[in-house]
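Two complexes follow with chain A in common, the first pairing it with chain B and the second with chain C.
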Partner chain A sequence: MKEGFRHSMAWLHTWGGLLFGWLLFAVFITGSLGVFDEAISRWMGPPAQATAALSSEQRMEAVRLATRHLEQTAAHSPFWGIRLPGEGEGSLRLAWRDGVGQLRIDHLDPLSGTPLPATAQRESDGGHHFVHMHFQLQAGTFGIWLVGLATVALLVALISGVVVHKRIFKDFFTFRPAKGQRSWLDGHNAAGVLTLPFQLMIAYSGLVVFYDTYMPAAIAANFHDVDHYEQALLERPGRPARQGVAAPLLPLECLLAVGETRLGREARFLVLSAPGDAGALVRIFGRPLAEDGQQELVVNSGVAAFKGATGEALWLEEPGLAQGGGALLTQQVMVALHFVRFGGYPLKWLYFVSGLVGAVLIATGLVLFSLKRRKRQTPEFGAATASIHRLIEALNVAAVAGISLACIAFFWINRLLPTALEQRAEWEISLFFAVWALSLPHALLRPPLRAWWEQLGLAALLCLTLPLINAITTGDQLLAALARGDGARAGVELVAVAIGLLLAWLAWQLRRRQRLAMEPLEVH
Partner chain B sequence: MQTVNDGMTTPSSRQLQSPAPAGRGRGLPYGSLLSRIAAAILGGYLLAAASSLLLARLLPLAPAEAVLAATLPSFAIYVGAVLWAFAVTDVGRVWRGLLQPALAMAVVACLLPSVGAP
Partner chain C sequence: MAPFTTSVAALALAFAGLTTLALAMARHYGAIWRRSPTAAEAALLRALGALLLLEALLACTLGWGVVVGLVAWFCLLSVAGLGLVLLLPYAPQRVLLLAQAGAPLALLLLLAGGR
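Showing the complex of A and B:
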């Protein structure tokens, strides 16, 4: 291989890795947490109510009560969402948009239709916050594009990393601990080579999830719009258009009963588009079964669609059956690989660990960048070199330690914010970003090594004491959750404690290093 | 993860060797570097998009299936284009090498009939 080629790939790997590594670390850490979004949502939400499963008649009655409530409060919303109780959720959850386009949520008692007070709900985005951070940084379409660009940069960094790595096989068995930069490079290489197939898969499948956003050229050139394309792809009739003519809705509970019969399983939620319009569309989504995803990659729990005004059946996605042709199946398998909806908990754990190793890969790469420049002061930015290197160090701290701190702080914020707060879920997310944002000035004001261990140490403290704050604020204790077999709640705290121990060890090592070395790493 | 070591080891520069821009650029001005980055991001994207346009009209599949099958590999083309953009010495050649085939593929795709409904 020509040295020139390796040289340019090394440059690309270094600088591309640095600039996008800051973002990619956040994407990896929130994506890893997002693997367990349901367990985190369970932990963050209200205490699980021990409600018996609703009978078919009770579900119909619940939907009737939900419709009555929505007709009174949300007549002009462009959509209604009705989630039936189940899977640890005791309430009937209604969603709609108000006059200014803000998403609104109400909880009802499923048997009486009485609205449940907000204080009983601890309204929170829960684990979905991490999923939304992961794919759009909570920044809408712009965030989706930014994450997409970073994902392309990740693939470029992975391939250029393999190119610059001359002795890829031999070095995989090499680890020289406590040898400074050498050890960081060994760790970086081992993390990268060990999980290379996973990182390539997760990056490419991540792009494929949003292929119609990222690469719409072929769709736009051959179809009138995305709706027509999707109809052709799924071989189903089009969605009814909004008519602008008011038409009464058929009783939703009747459509629910028909939908459940057609699906052959219980419904999980209903979505109405353009309620009250002659073109209203009702979609009834099936509830996933425990055995879904054990035998197949692409899990489909079924959708039955009806015209809301006439009850005409529009289409049916049968549960367990693949849709469309080979290309669609290929895309769906890649999406399934990304979302790990198959294989149950063993696979989720494998993804969680692989994702964290990916985060370690990025963090060690960022640290290596700065370690090299501390020792070899090349004036790559002329007179500004020292201050630019200092800024890069601080950004490394905020991008790695700062986001870790913000993630665990999010769990604390969830427990400390008053449950009656208006827009509580939005407040949680704003405070998450506030913690992350504050980590940068802190990193700029402190010497680098000190900033590293202070932020990691605080994150460790918050992780280790998470069971404590939960016990104080909710009265629920880790041991009690374990005793009653609530694996989701206990699991969140056990993982937090395990990660806390790891971070505490790391922070302690860094602190010791700082003391021993009399702060030789300070760059002012 | 290992501890930070302020490092008594010599700087081993087997990897990540030099902060110099790609293409053996000894003191290349930033303008050339920015042009290369723009070529990689924009030119690479246009090449990938054009490849999906052409492939969608060539694949012997049902219309929507052909569109999807043509779009899925375009991300690999994008990644390959970015790598190539940093491996070539001459920035002008990078722009030409990305835009000429992109334009050619887009033109041929336009001459072929649309596969989907109008």
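Showing the complex of A and C:
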């Protein structure tokens, strides 16, 4: 009976792990990169400008200039977004939707209001691409559902893995290198067992982030829509509905000043819904402070909301305060655990490493699946067994080496695409997917080991030469960035080089292995 | 205290603690001393290992407070454990040396920073 249970858990672990591992590896690698989304965005964005902090009056003037620009160019957009300069961003960034629903971005000089040329901006999703990729695969709500399904499968794989692993305590610190399948299994076990608390936490908290998407029934049964649910939960007035009646906006800079006073801190971002309508909503988001998250998990920089036409204050989320009672606070703590906005860089590094170990856990699991089947051919799919195993090998290569290649290629694409290109940020993402998609036919055409080392080797090459391509395309050098203390930019390249060295070693090992495997054939 | 100092100290303590716990197991003890530990030795090593892990937790709470510190501690244990597992088969003697040198240095760092 007991062995029967373990046997069925092993089956579940093997097949569930395989099917969802392909997706989960991508989620883990992009999620880990997403930990450093700000640094990556800084690297991908326009060159750093020496920005003096704007005074309160200068911020008001900037918002006035932004409003003037948006009224002229984006009067019919359903929303306006205004990002004030700061945190290394020198420009005033405006976002809106044009007549066909396409997102448009303009950058203004915050002091004069002159539009800055797009070529100076290198428009890019930056690190947000990795964050979005890891929770919705850039595929909207469908992507969120797919990642959710994979995350549940991850929880199942983690727990069934503990059941299957018979010697979890005896082998706690065991790793026996250079012993073939034994070493892969040791590595798989060590990665899983030692980071088990992190993996369980990151999977579960990831699901909790989207509780209202994954478990909509309770809200649908009791509330008209999510908006009404939020009103009831947070005890605040609803968002004003679009009236269809034109009404002039109050001067936004006045609302900014009131909002900053109510928040008790500088604003970072303003969002207007239905500008120009009598039901316009203005939300003012506070800027995080350096000391936020040093001692607490839930970091919240505050939001102040106003009616755009009358200036009536609608609600205030005070910075650092949790609202909505125990259940929502619990959810916020779990979300905070997932997003790691607390504890500064040491915690970000710990999450980055633990996340990559999660990726290693999945990759070693995928490799083990194929290794076991290479050794003893079990005819589990009848006559088609060999070709299905071949397909699984190729999918493993594309899911592990292919996505790694696509991730580093994304950095190269960012530097190589012309800055004047329309919809540049979208192009970057499309090309990222193109690289990933191409890795599959390559893996199908090449013998498995060769496909592995060629893709990993190319990824290694792109990683190692990232500082070079940056120096060639922007004239900025790694050493110069280090010398002026630009840790974000230098850090991105240093980490890329370190990962490149690791991948190069791996590719070299695999290449040697392939040569050894082929020798007997060449002799005859 | 600066989180950077405490995270270095806590990492060293977590590494030393996990090394000590590993040495309480016959396989890893044997890799260094070529024999099995006596029951008393194993118990002593386990107690010392647990103490070092608690000191790592203390270091984390000094740096970040209890709430963030506890999260940091769990992550540090994972990362220190992985470092240990990767080093142990290649250079067990050096792992021992690293743990023996790291733990007192970390404690000194904490005492110096705590004033």
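Here is the rule we use: the second predicted complex is superposed on the first by the 517 of 524 C-alpha atoms of A that agree within 3 Å, B and C clash if a C-alpha of one lies under 4 Å from a C-alpha of the other, contacts with A are read in each partner's own complex, and residues count from 1 in each chain.
Just so we're on the same page, a residue touches a chain if its C-beta (ideal position, glycine included) is under 8 Å from a C-beta of that chain, and two chains touch if they have at least 3 such contacts.
Please read all numbers here as calculations on a predicted model, not as lab measurements.
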Name the contact category of A:Leu200: first (chain B only), second (chain C only), both, or neither. neither
Check the residue A:Ala190 against both partner chains and state whether it touches chain B (first), chain C (second), both, or neither. second
Scan A:Thr14 for contacts with chain B and chain C and give back first, second, both or neither. first
Between chain B (first) and chain C (second), which does A:Leu233 come into contact with in this model arrangement: first, second, both, or neither? first
Contacts of A:Pro177 with chain B and chain C, given as first, second, both or neither: both
Would you check which partner chain A:Val357 touches, where first means chain B only, second means chain C only, and both and neither mean what they say? second
Chain B or chain C: which reaches more residues on chain A? B
Name the contact category of A:Leu440: first (chain B only), second (chain C only), both, or neither. neither
Where on chain A do the contacts with chain B and the contacts with chain C coincide? 177
Mind pulling up the chain A residues that touch chain B in the complex? 4-5, 7-15, 149, 152, 155-156, 159-160, 164-166, 177-185, 187, 204, 207-208, 211-212, 214-215, 217-219, 221-224, 228-230, 232-233, 324-328, 330-331, 334, 360, 363-364, 367-369, 371-372, 374-376, 378, 380, 449, 452, 502, 506, 509-510, 512-513, 517, 520-521
What part of chain B is in contact with chain A in the complex they form? 1-9, 11-24, 41, 48-50, 52-53, 55-57, 61-72, 74-76, 78-79, 82-83, 86-87, 89, 109, 114-118
Across the complex, what residues on chain C touch chain A? 3-4, 7, 18, 21-22, 25, 27-28, 64-65, 67-68, 71-72, 74-79, 81-82, 84-86, 88-90
Show me the residue ranges of chain A that touch chain C in the complex, using the header's touch definition. 170, 172-177, 190-191, 194-195, 197-198, 201, 293-297, 337, 342-347, 350-351, 353-354, 357
